[in-house]
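Two complexes are shown next, each including chain A; its partner changes from chain B in the first to chain C in the second.
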Partner chain A sequence: MNTTHEFQAGEPVHINSLNIVCNIEKELGSGTQGKVYSLISPDNTQLVLKWYFPSMATKEQYDILKSLIQKDSPSNRFLWPLALVKTPNKEGFGYAMVMKESRFKSFSLWLSRKIDPSFKVLLTACFELVQSFHLLHSKGLCYQDLSLNNIYFDPENGEIRIGDTDNIVVNGQDKGNVIGTPKFMAPEIIVGKALPNTQTDLYSLAIILFYILFLNHPLEGKIESSIKSLDLPSMSKLYGFEPIFIFDPSNDSNYPDPAFHENAIIFWSIYPDFIKRIFIRAFTNGITDPMHGRVRETEWQIALLALRDSLYYCKRCGSENFLATDSFVLEKLKIPVDLGGVNPDNNVWKQSNMAKGVQSNPLCWNPKCKTMNTHILNIRIDDRLFVALNHDTKLFLHHIDPDRKYDFSNPIAEVSRHPTDPGVWGLKNLSACTWKVGKANGDVIEVYSKQSFSLVPGTQIDFGTSKGVVCY
Partner chain B sequence: MIEINTTQIFDKCITSNSKKWLVYSKSVEGASHSRTGFSNQDSIRWKQSHTSNTVVMSVADGHGSDIHFRSKVGSQFAVKIAVETLFDLFHNQPIEIDNVFQVRDIIRYSAPRLLVHNWMDRVQYHVQKHPFSNSEIDLILKKKGPIILEKIVNNPKIAYGSTLLTAVITKNYFIFFQLGDGNILIVDNDQNVRCMFSNKNSDSDDNSSIESIIHTESLCMDNSWLEFKTGIFDFQALKPKLILLSTDGYCNSFSSESGFLKIGLDYLALLEKFGFSYLSKNLCNILKQTSLEGSGDDITLGLIYQM
Partner chain C sequence: MTLPGGEISKRELHFIWIVDCSGSMRDDGKIQALNYAIKEAIPHMQRESENNIQANLLISALKFSTGAQWIIAPTRVNEFKWTDIEAKGETDLGQAFLLLSEILRIPPMTERGLPPVLVLLSDGQPTDNFKDGLEKLLSEPWGRKAIRVSIAIGEDANMDVLQRFIGDNERQPLLARNPESLTKYIKWVSTVVQTASARPKSQQKYYDGSISNVDIPKPPEIISGATDVW
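Up next is the complex of A and B:
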């Protein structure tokens, strides 16, 4: 017996605003808000229909959807509502959106270690997440209900998709059916002092980033493992009224319990200090001062990219390690903009000497390896950033053009192996520009598009928009 | 409020006077176990409130192999803890439309960890009170060797390894938890049968990457809370007429999952055509016969039927 708010396979669905008629293919799933169906569309676009249960099909939800559909999606990372759907013989309403491709997986698979993405992939996913929320917030919108359950990533490359976008509202509107979920909810919401807004989104974002990078909730330490019964007051205390970061340097009362939070302890020892300092700020000042203490999207973007650029592979076991781009060390590495100078060799010598201090922890973190990794080739670009040079490293406009930050659309350079001497590595010019390359011996050559030069410490490269030097 | 512990075969029927849920269960020793004298490692327990319409039913399957030599105790602890913990939560704080979002992540993330945590505490207490005996140690040494013995001595919870399946019914929501083998079947008003966490539908990337001496997902694995599958459903999403919880001895008695799924309709037909009294008289024989002709394993079945 059909009820009035459900669809059967084959039923037609008129999507008036798109001027198409689709047919229900099958039910994909159901949950607390409604049911989701895959649609057969006339042009084979993969669409899905989310249809709300009557109790959830509120006027407020309808208005939110209507407003979202009128706006453009901040980016293709959002599974954005395309069209409102109402049919005469069905109770309530729903909306159509593009189907998430099967290559995108839930982060829960990573949390349970069913998949084993690389650090590079995870950091790419984190960066994309932050970038997406930056775009969303810059449009004056707020997500409200950010949690690990509504974000997905491609374990091959870190590309993300953000689902459940039907709760996104204009910041400050105080609308919507949801107020977030406790584990990802900002403390001020839990204690009843605020409703979801872009500031609370920032807090949820920090929780997600920590979860992805440390496989643990930032507030779940000894205090959480001492809770013996499930009740909302104890949860409210843990996440809202008395939140204590598990690595709070001034309060160790909630330090991770090795029996239950082993991942947090392991990963905390792997990452370099500069990223840990940001997380400490996010969960100390970020809790006590919601307005000014939270880590901004741009800060996360810079830090996450610096962390990704610092990845190198252990020479013995191949594990990914981080070349410690500690900010204290970075400060010492102030690289002169004018790399040519009167005596380029001297300049290079000085820089190379300083470069030897870069690695604060050269031991491979892999407990079965623990190899000492030294002389990791890297390229420093102006005084802005440096990138570890691995066999698979690519440089993008983001790296060499200060006006094209975060442009990863096309690689402009890649590390390549010498065609006849596999022991010699080079950097191949993938851009259309010609680079001027100053060798360590003082010779200057031009490297045209598709040409490579040898990666020898001391080599300087004028990319046109910035200058780099190869170091180790 | 009624609480039943059915670690052995039992015959009881409880009906809720307000929401009309009929709850019933049966556990039979596997045909092959009967022959070898090996006891039933399954446990089942449930608790029902007449006032709040809350029902919590839990089924556990102790692994029963040599290294899990206390798995009967482990499965008993598992169902007791699951029923107590989840009943306390959902009886005292019913999920309603206006708070489902607040408890959603507690259900998904906190509840599994707490269940595992409390189970481990109970196991640890039991080991302290009842240290491994010389005969238990000698048996493992003889059958598995010193390396495995050392692993178990260093990590005693392995001896208690068990799966855990739990269904929670509240006024408007249904919540399901599953760790390890076993099945939760839902038969809806339209006679559709759904396997809540079908193994065959799992993602292609859902391959186990954990190297372990334990070959199924189990409470005794490190970080086992991460392996829990959870589901939260609005009443309208499921419209269940019958909910079945079974240990894998049942499913393994069929050559295909589709064959197994038919039991959902069979039991519904039995209840609707012949009534509860017929089912209660015959269920034990049905399960014993299934084990005999099928897996030979213990079979435990819990039924929650909307009258």
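Up next is the complex of A and C:
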């Protein structure tokens, strides 16, 4: 049994920079770069060791790791290298990192429908992905090999983890061993015009978001189903040389094939217009103009959160639906109403809610329900945000303080029920501040911490940092 | 909370074990090592397959000695079971190639699939006209596009024939000199190569218009320090 670059259970591993000695527990897996082992550490923190195969244990990789360890992780969502590990009786090197908790699952389980997350969970995961990559890119780093294989999520709450961080490099530098997986690679890389950079990361991110929300690849439509053997040359053509968005408003040659791409058709008919427009841009301008045409992380963040905030539960069947807030959101996001060059007879446009002039909520998408939901309680904050008020809705600093955008650390409000009258809903003050509430009848009252006020349309709330009004 | 739609549609990926069970495989525990190695690989294949969003893995197997027979029809990875095979007879590789060429047609192959993976395991010299069989196999489009891998069991194997099966000078047959190496190579071939067919991962930085239709990562490095050698 060769022992020069592989470990056995029980073997000690000295992690000098952390001043600890661990022992190998067992091999967790093996990839193309090396093997991963779980470690038993003296203080019981769950650590893992990744040890490279000799051909992958290059000086380049060593330098990349050293550099990553010196920088801090952009956030706790990344499974970041903690320490380089070398050991006298083993060839090459490896690194230690915190183990990914078992609650985090692969997105492949969602795609194969083995797990059943809600829209809220999926949108939370999508938001966290975008936010994490925004933080990574802000540090001048790029991921390079982004795909569904290196990200994970907790199906209970949407929290994510990002693995395989050992290929992350400084943007613009010509380093690294891998350049990507064709389905997720930017076309300019596939055709050989560019190497990975933050712009190509943005493209991969858009593909991932589409996969998660539509359960289909954005470039796999009729053209994909006509390919008999999907090998490298046909992948290069489909994803690189001739990429066509399945919902391209000016080109329906790659429209989804109902035999294989039913999911895309179903989900495209459910989501509101504003998010579809962003995806259209991501895969039209985003393909033809790598430098300036891609959707930026801040745009995704705003749109995904607006989408999540617009979720409400159908009164009849309980399915999650989206409030019709298109004109409001489009204006706030400054998304041009005119798609530019769109053919009004084209399928994609005809399905659009804007074309149908829909202002009221669409029918519940659940085929067994199809109810028209009206009078959904919601709160409009500062004419900036629109949040549906459901039995489980919580508001955060993100919602009420323009200086604390994306702060979801602690809820400052939650929807509550009246203690004696179950038909009456309220909003409970979970913050330390006192709210000034203007009731619909004109009275102004103070709502202290831990108190609730009834949610009646027309009620105005002064949170201190912003003002809201209850509507339906 | 159930969302609409269904599972993402996957393409069929046929994975075929082509196993030499000629008389010489009885020596030195070779056939036992092979039976063990294939069984060992099954849980790894299942795990790998779970993470694969593109491929619907179907495993089948044929054996050849005097003549060739299919022993396992295409089976879903979660239902795949390997029954130990015994060794006896000649080495009719050409027959095996002919059988392969018959199923690598549409039908029974699908109109929408991924390059199949063909794994040839052999320990010796073919005793029939393998060239004609190989030509027939490669004349089928699915045969040409298939990822062909070969593992030589022991040093008496005819590497030249195995190389011809691969048909790509960039890759060599894998030589398993002992049972541990055989287990490792079989595990590698059943996991990494399977996913390479479904999601090729480029190790090169520049698209060089390479002729190979699938990028296959390097096989695991096995430094031979073992005591038993075939």
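Quick notes
What we mean here is this: the second predicted complex is superposed on the first by the 437 of 472 C-alpha atoms of A that agree within 3 Å, B and C clash if a C-alpha of one lies under 4 Å from a C-alpha of the other, contacts with A are read in each partner's own complex, and residues count from 1 in each chain.
Keep in mind that, in the parts below, contacts are C-beta pairs under 8 Å (C-beta built on N, C-alpha and C of every residue); 3 or more make two chains touch, one makes a residue touch a chain.
Not measured: the values here are computed from a predicted model.
Overlay on chain A: chain B and chain C clash in the combined arrangement. Of the two partner chains placed by the overlay, neither chain B nor chain C lies in contact with A:V36. Once chain A of one complex is fitted onto chain A of the other, the partner contacts of A:N366 are limited to chain C, with no touch recorded for chain B. Of the two partner chains placed by superposition, chain B and chain C are both touched by A:S55. Counting residues of chain A touched by each partner, chain B versus chain C, the larger count belongs to C.
When the two complexes are overlaid on their common chain A, residue A:I20 makes contact with neither chain B nor chain C.
In the superposed model, A:V424 makes contact with neither chain B nor chain C.
In the overlay built on the shared chain, the residue A:I270 is in contact with chain C alone; chain B does not reach it. Residue contacts after overlaying the shared chain place A:P155 against chain B, while chain C stays out of touching range. By the touch criterion stated above, A:L84 is placed in contact with neither chain B nor chain C. In the superposition on chain A, contact is made by A:K105 with chain B only, not with chain C. In this superposition on chain A, the options for chain B are 133-141, 151-159, 187-195 or 205-213, and chain C clashes with just 187-195. The interface of chain A with chain B overlaps its interface with chain C at residues 1, 3, 5, 30-32, 53-55, 109, 111-113, 116, 147, 149, 177-183, 225, 227-232, 235, 260, 262-263. Partner chain A is touched in their complex by these residues of chain C: 1-9, 11, 50-54, 106, 111-115, 141-142, 145, 180, 191-192, 199-208, 212-215, 217-218, 220-226.
On the chain A side of its complex with chain C, the touching residues are 1-5, 30-32, 53-55, 106-109, 111-113, 116-119, 147-149, 174, 177-183, 190-192, 195, 211, 215-216, 225, 227-233, 235-236, 260-263, 266-267, 270, 318-320, 365-367.
Here chain A touches chain B in the complex through residues 1, 3, 5, 30-33, 35, 53-56, 105, 109, 111-116, 145, 147, 149, 155, 177-184, 217, 225, 227-232, 235, 259-260, 262-263, going by the rule given at the top. Against chain A, in their complex, chain B makes its touches with residues 85-86, 88-89, 92-93, 97, 100-106, 108-111, 113-114, 117-118, 120-121, 173, 189-190, 203, 205-210, 222-223, 226-227, 232-234, 236-239.
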